[in-house]
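There are structures below to look over.
Two complexes follow with chain A in common, the first pairing it with chain B and the second with chain C.
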Partner chain A sequence: MSDYKAVVIGGSAGSFAVVLKMLANLKPTFDLPIIICMHRLKHIRSGLVESLNVKSSKEVIEPYDKQRIEKGLIYLAPSNYHMFIEFDGTISLSTEDMNNQSRPSIDYTLSSAADAYRDKCIGIILTGANKDGAKGLKDISDKGGFTIVQDPKTADVPTMPKAALEVMKPNLILSPEQITDYLNKL
Partner chain B sequence: MDAKEFLVQMKSRTGYDFCDYSSLSITRRLEKICEENGATYEQLLSKLVADKVLLAKVVEDITVNTTELFRDPEVWISLYKTMYQRLPASGPITFWHIGCSVGLETYSSLILLKEVGVLDRVRAFGTDLNPRVINVAKLGRYAYKFNSHFIKNFDEVMKNIGSSSKFEDYFDIDEKADTITVKPFLSAVPKFMQQNLVQDKVPFPYKVDVVFVRNVLIYFNDALQAKVMQMINTKMYDEGMLVLGKQELIPNRYSGQYKQLGFYHKRM
Partner chain C sequence: MVLTINDIRNISAKMSEALKIDYTNFNTSFLRRRLLYSFDKMLVHKASEIDAVLADKQKTDALLYHMLVAGTEMFRDPGFWRSLNKQLSSRKGTQIRIWLPELTNCYELYSLVIFLEANGYDAIITVNSSSQKVIDEVKSLQIPIATDELNRSNFERTEFNTNYSDYVEINEEKTQTTLRYGMLNKVTFKNRWFMNELPGKYDLIIMRNVLLAYNKPLHERAVGVLVGSLDSKGLLALGIKELPLLKTTMFSAIDATESIYGRMN
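What follows is the complex of A and B.
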């Protein structure tokens, strides 16, 4: 596999179905850690990780603070916490104020991944209803990481991918199926 | 000057000691503060020494005060059905809320204690580094606007514990003044006190049955986490119970001394 260290994905409205399908179709040998930051609807606090686990061929976990990032696992930002990737390869959580009206904030997760992994990370922005994540994806791109934006034409709610495209030029603009194919060919 | 050096200088020149905060996360927050103030670490330091108001604001920004009534309702519902049913059957029951912020979690717990029917036996202490939040906690008064989720969380918890209690049983809402105020019978119970975990002793004499330290240890390095765990262990009864944040674990060195039971940890 490539010398990437992780795949970091951000999404909001509509992204649950996309992520679900993506995880179901990833080839079993795909072993980069996947770190997902998804906004959740206020009234759905729990159950997300369980639903993802039903379909995913890999284990999906909501990490504890200071948990080590390992190959072959999928990390989902827990509700009501910001999730950061640290230089020492661990995840840290924080309950500080919302960012872009969101906690977890995709910008925080992606920007921390840009700092920690620099050009060794793949950042992906999916469908969503606000602009959180745009700055974070730009940070990944600025550090030489590989960036993918879901084609707004294929997005349930195109606001988030469009916001990313306004501030940066990703390596690829793809449909959800193409994103999965791309990852499977790494 | 880097963040580490800044914190050492801040300690010696302002008395605020954040040297043992988790370095990556505090560096991140300090960089944000510098950016917002358009200042380097050196410039920020000189401003802090000269400007008490700015110092208070920076302390506020470094420490995280986010909290809400019945934050993570599923946790409180589970605690009600488990931990709150296993409290000492007689005599005083002592609660300590570490890093209590504006007191909403202390009041959440007191509401459940009232629901369990033991409120008259409860001593509750809330401690925090930040004097501003301690004063808000003592008043028990919060903005009404933007806090409608308090009522939603409250209703969700009451529904799931089979209680018919109403929000108005515990709070006075004044829409005109934009306030939610804890009713006097409840706000009279807890004692809120300033405590700096780095240097101060525990500011009350009693041993404690239950300690809440939710989303506090995540901001500390290993050394300060150990210090706080030591402080907790010294104050806590042998059968004591500890509640951490939803995504926190007992720090490694102490994990053998506690048994996790759902959302709380029982001392062994």
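What follows is the complex of A and C.
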């Protein structure tokens, strides 16, 4: 496995199916932590993580505040909380104001990952209906991290990948299948 | 504006000294975000201006107000309120002593007093807030209209079998919602950081999503203070994604999903 420390993924409308497929097709030896921030309905707390676990080759959890990030686990931002990556390798949560009309905010998760992991981070933006995540992915790129944007032509809703492409130049623009292949070759 | 780690250390040390709140043990990334947010609201442009802020009572009050993360909505996590109703049901007919150790805006207290009336509980409530401005706002009984729809739908999910409109009035123009007059009659307010309080004896302490701002040592100390203020078989409610962390046999989970813990002795 590479010397990357984590994969951080952001997505909104249409991204659940993409993430589900990606996690189902990750090879069993893939052991980087994967940190996922998806926009979701705030009043529905259960169901999403359970659905991902049905197909995922790795365990998916909704972390508690101050929980340590470990290899081989997949972390999904809890409903109605912002999720941040801390320098000490833990996750912190917050109920601060919405950002881009969103809580969790993808920008917050990705930007904090950029600060914590710098060039040891892979950031991915998937399909979605607003611009949240574009700034965060740019922050990862600016800190030397590796960035991937889902090809807008393959996105259910291309607004989010297009917004990212307007503010930064990613290392790769790939279809969901190609993103999974890329991760499996790390 | 940029705040370096040294700026944050200096500012938090000065705030701790002046305000008697241990900001030095707040989560560093939270402090950075919240100081930037507060300074933006207060039109503070340089880290060095903190001395002037702390020397001015009005500016200090504003800083204390902005440093608190306001709650998001009324009846956040309706499942919590349903579970709390189950846990307290055996206490109907007795007066329940309740403490809200750090009030950040109106939502949690207003939800609580509606919960108590809707389900027929008798209670006296003590509320602490490090911000006098928060207390003044809460006493005004006004509820931000922006969250009205969400508050109503959350209330319906609590399944209390009463109507939200029994407790909250909306004006004709539908621009202002207000908690019914008299709903705070059994509430005592204290403008003091809860960690500076002497231990009390409460049957229920609700402190949801406040500990998120603290680092682990302060979180553990805070939970120690909370548990130490619970009477025998008292209940402690944290946010659903907060764990108590403190290693002790003094309390255990009553409902882990809703983060309700009970004192064991």
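Basically, the second predicted complex is superposed on the first by the 181 of 186 C-alpha atoms of A that agree within 3 Å, B and C clash if a C-alpha of one lies under 4 Å from a C-alpha of the other, contacts with A are read in each partner's own complex, and residues count from 1 in each chain.
Here is the rule we go by: a contact is a pair of C-beta atoms (placed from the backbone, for glycine too) under 8 Å apart; a residue touches a chain by one contact, two chains touch by 3 or more.
Treat the numbers as computed from the prediction; the structure is a model and nothing was measured.
Asker: Based on the superposed arrangement around chain A, label chain B with chain C as either clash or fit.
Answerer: clash
Asker: Applying the touch criterion given at the start, work out whether A:185 contacts chain B, chain C, both or neither, answering first, second, both or neither.
Answerer: A:185 sits against neither chain B nor chain C.
Asker: Thinking of the overlay built on chain A, is A:153 touched by chain B (first), by chain C (second), by both, or by neither?
Answerer: neither
Asker: A:65 in the overlay: touching chain B, chain C, both, or neither? Say first, second, both or neither.
Answerer: both
Asker: Quick one: classify A:81 as touching chain B (first), chain C (second), both or neither.
Answerer: Both partners, chain B and chain C.
Asker: In the superposed arrangement, what residues of chain A touch both chain B and chain C?
Answerer: The overlap between the chain B and chain C interfaces on chain A comprises residues 45, 62-66, 78, 80-81, 84, 86-87, 92-97, 112.
Asker: Tell me, which parts of chain A touch chain B in their complex?
Answerer: For this pair, the touching residues of chain A are 42, 45-46, 62-66, 78-81, 84, 86-88, 92-97, 112.
Asker: Touching chain A in the complex: which residues of chain B?
Answerer: Residues 22, 24-25, 28-29, 64, 66, 71-74, 149, 215, 217-219, 245-249 of chain B touch chain A in their complex.
Asker: Taking the touch rule as given, give the residues of chain C at its contact with chain A in the complex, in rising order.
Answerer: Touch residues, chain C against chain A: 27-30, 33-34, 37, 69-72, 76-79, 153-154, 157, 209, 211-213, 216, 219, 239-243, 245.
Asker: What part of chain A is in contact with chain C in the complex they form?
Answerer: My answer: residues 43, 45, 62-66, 78, 80-81, 84, 86-87, 92-97, 103, 112, 115.
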